[in-house]
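The same chain A turns up in both complexes below, where it pairs with chain B and then with chain C.
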Partner chain A sequence: MDDFIVPSSSFVRTRASFRLCLRMMRARQRADMQYRLSFALRLVGAAGQLLLEVAAIWALVHRFGSVGGWTLGPLTFLLGVSGFAFRVADAFIGGSTERCAELIRTGRLDVLLVRPAGLLWQVIGDAFAVRRLMQLATMIPFAIIGIGRSGIQWTPLRVVILVAVIVNSVAVFAAIFVLVNCISFWAPTSQEIGNAFTYGGAQMAKYPIHIFDGWVRVVSITFIPVAVTVYLPSFLLFDAPNPLGVTWWQSSLALASGVPLVVAASVMWRFAVRHYRSTGS
Partner chain B sequence: MSFRRQSTYRGALVAGTFTNFVWGFLLASVLRAVLADGNVGGLTRTTATSFTFLAQGMIATSRMFGDMTLVASVRSGDVATELARPWDWSAYRLSSDLGQSLFASLTRGTTIVVAGWLVYRLPRPELTHALGFAVCAVLAAVLASRLWTMAGVASFWLVDGTGVVQMVVGVATFGAGLIVPLQIYGAGLRHVLYALPFSGLVQGPIDVFLGLRSVGFVIVHQLAWIAVFEVLLRLELGAATRKLEVQGG
Partner chain C sequence: MSDLAVHTVGLRKVFSARTKAGRVRREKRDVVAVVGIDLDIAAGSFVGVIGPNGAGKSTTIKMLTGILAPTSGEVRVLGHVPLRERTILAARIGVVFGQRSQLWWDLPLVDSYTLLRHVYQVPAHDHRATLAELVERFDLGPLLDQPVRTLSLGQRMRAELVAALAHRPPLLFLDEPTIGLDVVSKFAMRDALATINREHGTTILLTTHDLSDVEKLCERVVIIDHGRIIRDQPLVTLLDEVDPDVDLEELVRRIYVGQPLR
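So, the complex of A and B:
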């Protein structure tokens, strides 16, 4: 543990926090694997549940051939890429921030706070679950099929845009996870409300946003900004019906929205942690 | 007793209801968009919307998120005390489960359905359909109790049965028509899913409510599977109690 004590610069501190995070992940994974059969069944259970869920939506889309004027190619792209990005955010940030409520209720957060390492890193390490990695892996084929069937006319610029879409989507989903779960610091018993916004948001991101009612669309670009993940930038990649009249600069703006959101999330997180006053027990 | 135990968690109840409502609302929006003026196996814009909110309500009745209490009780060893008591354990689980289902149905289940009806101004059902639905919903709760107990007893062999329950949750959610109504699937898969027990948890009662299937048919399907599950549960329990090693000291 020597390397975690008295960090001299912010770079060294971050590196030390990161190494502690990896160590905690490893410990968590070893603990999980104590009962091998149970562990394997849990992995299969988690992956199977997600697989059936995506398969059902896939069946729905195929049954009708188009949703809101979008054909199978663009729909598969939307479903695969947004689902994949969400699971990346969920595996590394989502599951951990959800656990905050529990850490606060049980007072275990105090233990993490007194360690001289970044709190978010520790929370991530503490709540790491191989099961979520498995769910992430489950979404990879869907993302690949989605990209393959999207009908994108490939140019070098579009490859760059696709990478940016994925990176930006992960950042946006991660920021939403952190922002929503900061609620736990004020109301640690109402964590499930957050799920409506995080998982509900991911659900919304799987469909062309224009099929929703006006006020839901407003929510999807402001309060729970999932429209910016794949839907808005996708107009830069392929021609699909665009009833909302999204312009190229709006798409480009959406592509960069992860930056302010991540900044907002980290400010909010720091504010929430400073607000924290333990359970007092 | 379990009815009263449930009523102590008000915060979680409100949060859960809200989450279910958001979920129903999103699926309803999607189904309304794809159905437009179409009709798929009796589902129209209106009936599909009704379906969605009833399905979110039935989550409460059939406890579609699974039941981890038995898994926890096997882990802690408490289950040994339960089994040693001088009563029929299977019947005890049933009564406890029905208490939970009743409480959840009357609170979050009813709230979601009423909210859906108000938001979309959905039509009132025919009285006979509503009564048929009520009977099927009770049977769905019984079926759910047998299903979750069976899934939970599997943890007697595993120490931690979370994975088994999760797997059953996944399959049941899919087969019950909770992710999308079973009418959406192609003929082959649809017939298989209708025949499986899971359709009796959500899809069957709702079809009766909407007048898409006859009440007699659904009741027979549910009763048949309840009988099968009861037999399987007894067999499983017999084998499990011989196997059980009590955890902890």
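So, the complex of A and C:
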């Protein structure tokens, strides 16, 4: 019996895995739609949560006018752009942290491992939920207002920098999600710790890092490196109080921080999968 | 080498487990699940792997399919190193776990087959033909539009088998495929497996606790206990070791508990 030929180049395989991921997302969404009431309730819940989040941010800004010397414009930029980048990463990978732990705990990861497709892509595809796309959509106007009110003196270079900030931030948050997934291979019931890195990190990224005390600040550029997403590079875009004395080369370096993080996350993921222990028979 | 579907030398798996040794203190302890397995399986054969619970059968299968990394030893499946070439190997094998579904629970059965066609990148034309043949053989036609969650266990296992065969793998791993099946479903399943092995030359490696599966299907029996192969021989010569009035179940019981066979 002839078996079918499999594509061999790694680019072709990655592209195939990505397409498969999209198909699995659609399948997941159709499956969710089977339970219409729970689907509707989840959507309402997600929308409510987001509304509260936005309200809290506005209240803070309106009450104090400035945070750490940053006025409404730059603050909204920080909130909007980091929030948007986080929601992009969350929409596609966020659900996988919970799902990955569950697949490991139940041993269902076995089934994904014997399929000829990238494991991470399958986990991501299997974990997709439409409500995360909703959360992303509601963040878009916020990002646009933030960019509009930031007071950036626009030059072609700054447009490029802004795009780089967004792309890099998505990459950083995505890498953090994947790294959190890796923890599940050793501790599949430690969801809360993972959430501290991901959702906790996203909360931290919304504020000018210099308002935090010493050790939180250290955390924000080391263990949960969210300072690199928008705060550090933002000094290349506009003049805002800079009590930490961030230099232009530090800002530029932060712009490329996604690269080593994504590499680290993918190396770590491979290492973690090798240590998968499966369960039962 | 090329006509060996599976080839292992000294395949070994050690899990390190932490056990409580005080209020907080944990002791690290190594558990050897598979001690050192040498197994060669010729292409086209039908081999039954049996052994008591916790003997290391599943761990062995998981190392052969690229799910678990072996601690040491050499392993080749269809000429591939399972873990390193996981996705290449996965395209060429079919796996059915009796305890784990690979179908999409809430979607109509046919959707799972469509998704799996994309997983295995089978050309649409070939897939249509293969699937039609399998659906016919396993009598799944009326079930294709039903959500998987509404299928009975017997129906679902047939559906799982079709899912594992639709990309026409030359090697099929079955981990307790008849578990929980009623007599009618079990017999139908066996017929289908025998036919696939005979007509398509598909190599089949089956683990089971149901010795009548082995008796009806397998030409060769491998018995694993305490992570070792303790028997590996044709079924007929195994049965020759006991008096004719002793059945396979009793024979295997004696081997498991270490009783003399005669």
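By definition in this document, the second predicted complex is superposed on the first by the 269 of 281 C-alpha atoms of A that agree within 3 Å, B and C clash if a C-alpha of one lies under 4 Å from a C-alpha of the other, contacts with A are read in each partner's own complex, and residues count from 1 in each chain.
Here is the rule we go by: a residue touches a chain if its C-beta (ideal position, glycine included) is under 8 Å from a C-beta of that chain, and two chains touch if they have at least 3 such contacts.
Source: prediction; values computed, not measured.
Asks: Aligned on chain A, chain B and chain C: do they clash or fit?
Replies: fit
Asks: Is A:157 touching the first partner chain B, the second partner chain C, both, or neither of them?
Replies: neither
Asks: Of the partners chain B and chain C, which touch A:207 in the superposed model: first, second, both, neither?
Replies: In the superposed model, A:207 contacts chain B only, not chain C.
Asks: For A:114, is the partner it touches chain B (first), chain C (second), both, or none of the two (neither)?
Replies: second
Asks: Is A:278 contacted by the first partner chain B, the second partner chain C, both or neither?
Replies: Second partner only, chain C.
Asks: Once both structures are aligned on chain A, how many angstrom separate the closest C-alpha atoms of chain B and chain C?
Replies: Superposed on chain A, the two chains' closest C-alpha atoms are separated by 11 Å.
Asks: Do chain B and chain C land on any of the same chain A residues, and which?
Replies: The answer is residues 35 of chain A.
Asks: What residues on chain A touch chain B, complex-wise?
Replies: 35, 37-46, 48-53, 55-57, 59-60, 63-64, 67-68, 189-193, 195-196, 200, 203-204, 207, 211-213, 216
Asks: Show which residues of chain C lie in contact with chain A when the two form their complex.
Replies: 15, 53, 57-58, 62, 65-69, 83, 86-88, 90-93, 95, 97, 99-102, 104-107, 111, 115, 118-123, 126, 147, 167-170, 175-176, 200-202
Asks: Spell out the residues on chain A that touch chain C in their complex, using ranges where they run on.
Replies: On the chain A side, the touching residues are 1-4, 6-8, 13, 16, 19-20, 23-24, 27, 30-32, 34-35, 107-108, 110-111, 113-118, 274-278, 280-281.
Asks: Help me check something: in the complex, which residues belonging to chain B touch chain A?
Replies: The contact residues of chain B facing chain A are 11-12, 14-16, 18-19, 22-23, 26, 29-30, 33-34, 40, 158-167, 169-171, 173-174, 179-180, 184-186, 189.
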